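Residue numbering begins at 1 within each chain, and the chains themselves are lettered A, B and C in the order written.
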């Protein structure tokens, strides 16, 4: 037997041993739930906050340290995780009971329905120990209300706000001789024509991802279907809702439809695409934009839109306030001769010039921003208490002031007394769309987008689109009736 | 009572069951090493490979949000999938198209490249080319996907840049962004479709062909093309079969590539069942529905694999 | 045979192979080229080698990517050992013994290939979390977090899944080993384990390396499972780490491509060391119909 072969088993055994030891790395001992072994602060309560909006991380960490000084029995851990597959990750963590105490989330209502997270209504009427006032007085509560689920429960607490608008290249506007901001679609299309003739893409559009399509749909719905609202909104006053009566035309914050109301409206034919010309009109108006979008817009992602805008091949892009600071930074990094000035204006509105079906100018899309807090329920009651307390700390005025002035902001704050300066001045007192049109659920939204895209490419006629739109609504309604156990009875709407 | 049983049994022609059982027990006892060796494998497979899908498949008959226990709905999920869900049906069509292309890709280019390499004169050259064509396999799949996504980019991707640069601007299409061509762009990923283990596997097959067959062909005056089609290819059918089975499995189950490149869009032109299943489970929370899709995918895989094995019978 | 007449096809073959080879490698050449550029060069001088060469891209990317490489190496490495060990035993069993249920058991192994992996995601997660006596769990699997957020949570399922194709390939190979070698060993009084160690393993080294490489590659490239199981950043594997490289709103292509390049290196290195065996293994007909 050749000598080499005898050594093989020994080598293999050694490697296996080494591998075994590696496999047992630090990960296995670092559990965050019960009885962590071998960590120095076993007696401290661990309040971990996990976000994907990394720009808040530094400020939160500093604030966390301050908090630890105030409360030595608590340890605050702030972590940023990647945003891909985030929802799946969050779900598995919540179901598995290993979720962080506080998390950023868009899907609080989903988890809340399954009893995985706390309901903020149990807490926001209490005084905030760090400001001495009732906690909910610190917020623009309309935005908390906006996030309530079908049963009126608040599972997400919005920290920041976002608005949408159109970023434009001021330098090119000047060059093209456009000297005033468009306020209506006619003006806007005139400007877009001007830039198209100059060989510049008028509007860079992310067809593959991003909420842009949804926003524009909501705005169109808002201005085309405003008159239906009185018929549809059957719900009497809910005590948690704090916005002014629907009849006040001067107030910006709009009406809220809850899912069941909208579903009833659909089954009564009010929101039915096959029954109302407004839906065809929406599709038609959307399609008017197509010639002004870049080639391949249906598959463009947000990165492509940014790139086109930054390289000055596109003169406008529709996006949210979270891009204000990143854009400025990106421009600063360009070569001096490639830099340009950026401005932002509110999305122009449809008018009766564009369509006789227009009821009122549409309002901006805005509301709760990316950072909405949820607190896990499946953990020791002490941890829940401290988690809530920490969120109260974060939302107290001085702390929030610090956070918002030391973070690359995505928009104004949802806290009333925090001023974010000139950055978002154009949105001060901006009216916000709360009437979302009818979107049964996320699947319905994706399906609608999936049909609009071939429609834009002339692969689907308007009639085919409307038929499928109807199908989307009816299937979505079915799903919701089953899921939320609605009885579809107007009389029982005020539970 | 069949006469064959007389030979099978040692206990005479009565074929009594006790005789069968004790023979079985003896056979088991004699082979206890065999079973012992299988224990670690089946322990692992049972726990991690059998239990989860079985649990998931049971849930295909439920309406389940992944958290609680779900509500039994019988065939409800399947009915909805097959009769109402245009997306699912479209995804099945898409995956069939992709499957066709992928199989064609597998049985043509790698084979051609293997042929080219096989007939080279020098061993060093053969080795060098083998290395070149296997290099793509050494890169992480996600990198290859991201690279191709970049290549296809409408505005800054090398493909369109190249086309614009040589004056063929009208050909610079929105490859992954048009509902009409996105699926075919996906199918074309990996051009020239020769990288990976396919080449090596075909080479192995070619090596197995006895040299006298080639000599006979040459004597008969067969040109290289005829030889390739009539002789070489049929003789590597067992390799073809293995590769096509792998292709079928990979294509029907795969979705990470589509997810990263187009997310199933634009529209639903590149939606595939695997991606749709993931979306239903993790984005819409419809786990029961998603596992129903998985079950149908499983049946599809069975069908195609069976068809594959039947159609490609090797002549060894 | 007149050399000049036969030269033409040979040149043709080389020409075709070079063209196809370049096309095959083109994406990687482009990747390397871009990794040496900054943004301005990326937009204006796309096809040429830009100067000055932006080596800084690699420094930036390395900072991010190196941690993940180590994790991937450990996870994939341990998985490979486990798979080879168990699969060899089983393949040997299927190949050399005739026992009742042989066909059925083999089919039960191979049949798993057809089950879509995504189907198992949530139940598998639940299983890993409630794994008895791990991570603070009691014997019923309750109380702690099981194998979550640990490398074993990745390794154990990989060890299961990897065995399927391994057994398939190894069995084929083991069947082809001449019976005479086994008879000789048995005559010498060797036990079954001895036979495996002294006869089978040395003979099948190329095939074992081939299979090991395949399992390594498969586990190395997995994205969804590590994302779902691992929470701590220091334990993340490479594909998940690559996801970090992409900013949502804009990508610095030079840095990102540098990251991708670095991500390719470990497998490349592994390949260099095992290439000969791998090619030999496949040529020996590791994969037969």
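Just so it is clear, a residue touches a chain if its C-beta (ideal position, glycine included) is under 8 Å from a C-beta of that chain, and two chains touch if they have at least 3 such contacts.
Keep in mind that what you see is a predicted model, and the values were worked out from it rather than measured.
Q: Once you count every C-beta pair in contact for both, which comes out on top, A-B or B-C?
A: B-C
Q: Quick one: point me to the chain whose Cα centre is farthest from that of subunit C.
A: A
Q: In angstrom, rounded to a whole number, how far apart do the mean CA points of subunit A and subunit B lie?
A: Spacing between the chain centres: roughly 38 Å.
Q: Taking each chain's centre as the mean position of its Cα atoms, how many Å separate subunit B from subunit C?
A: 17
Q: Give the residues of subunit B that touch two or more other chains, as numbers and ranges in rising order.
A: Within subunit B, the residues that touch at least two other chains are 66, 156.
Q: Subunit C: which residues touch two or more other chains?
A: Within subunit C, residues 43, 122, 224 contact more than one other chain.
Q: Touching at least two other chains at once: which residues of subunit A meet that condition?
A: Residue numbers touching two or more other chains: 85, 88, 95, 307.
Q: Which residues of subunit A touch subunit B in the complex?
A: Residue list for subunit A touching subunit B: 85, 87-88, 91, 95, 110, 114, 116, 207-209, 294-300, 304, 307-308, 313, 441-443, 446-447, 450-451, 453-454, 457, 459, 468, 471, 475, 482.
Q: Contact residues on subunit C for subunit A in the complex?
A: 39-40, 43, 74, 77-78, 81, 122, 125-126, 129, 134-136, 143-145, 147-152, 155, 197-198, 201-202, 224, 227-228, 230-235, 240, 243-244, 246-251
Q: Touching residues of subunit B toward subunit C in the complex: what are they?
A: 24, 27-28, 30-31, 33-35, 37-38, 40-42, 44-45, 47-53, 55-57, 66, 109, 113, 116-117, 119-121, 125, 127, 129-144, 146-148, 151, 156, 158, 161, 191-192, 194-195, 197, 200-201, 203-205, 207-208, 224, 237-242, 249, 252-253, 255-256, 274, 277-278, 281, 287, 291, 294-295, 297-298, 301-302, 305, 314
Q: Taking the complex as given, what residues does subunit C use to touch subunit B?
A: Residues 9-10, 13-14, 16-17, 20-21, 23-25, 27-28, 30-31, 42-43, 46-47, 85-87, 89-90, 92-93, 97-100, 102, 105, 108-109, 112-124, 127, 156-157, 159-161, 163-164, 167, 192, 217, 220-221, 223-224, 238-239, 242, 260, 263-264, 267-268, 271, 275, 279, 282-289.
Q: For subunit A, which residues count as touching subunit C in their complex?
A: 1, 5, 8-9, 12, 15-16, 19-20, 22-28, 30-35, 37, 79, 81-85, 88-89, 92-93, 95-98, 302-303, 306-307, 310-311, 323, 326, 330, 333, 335
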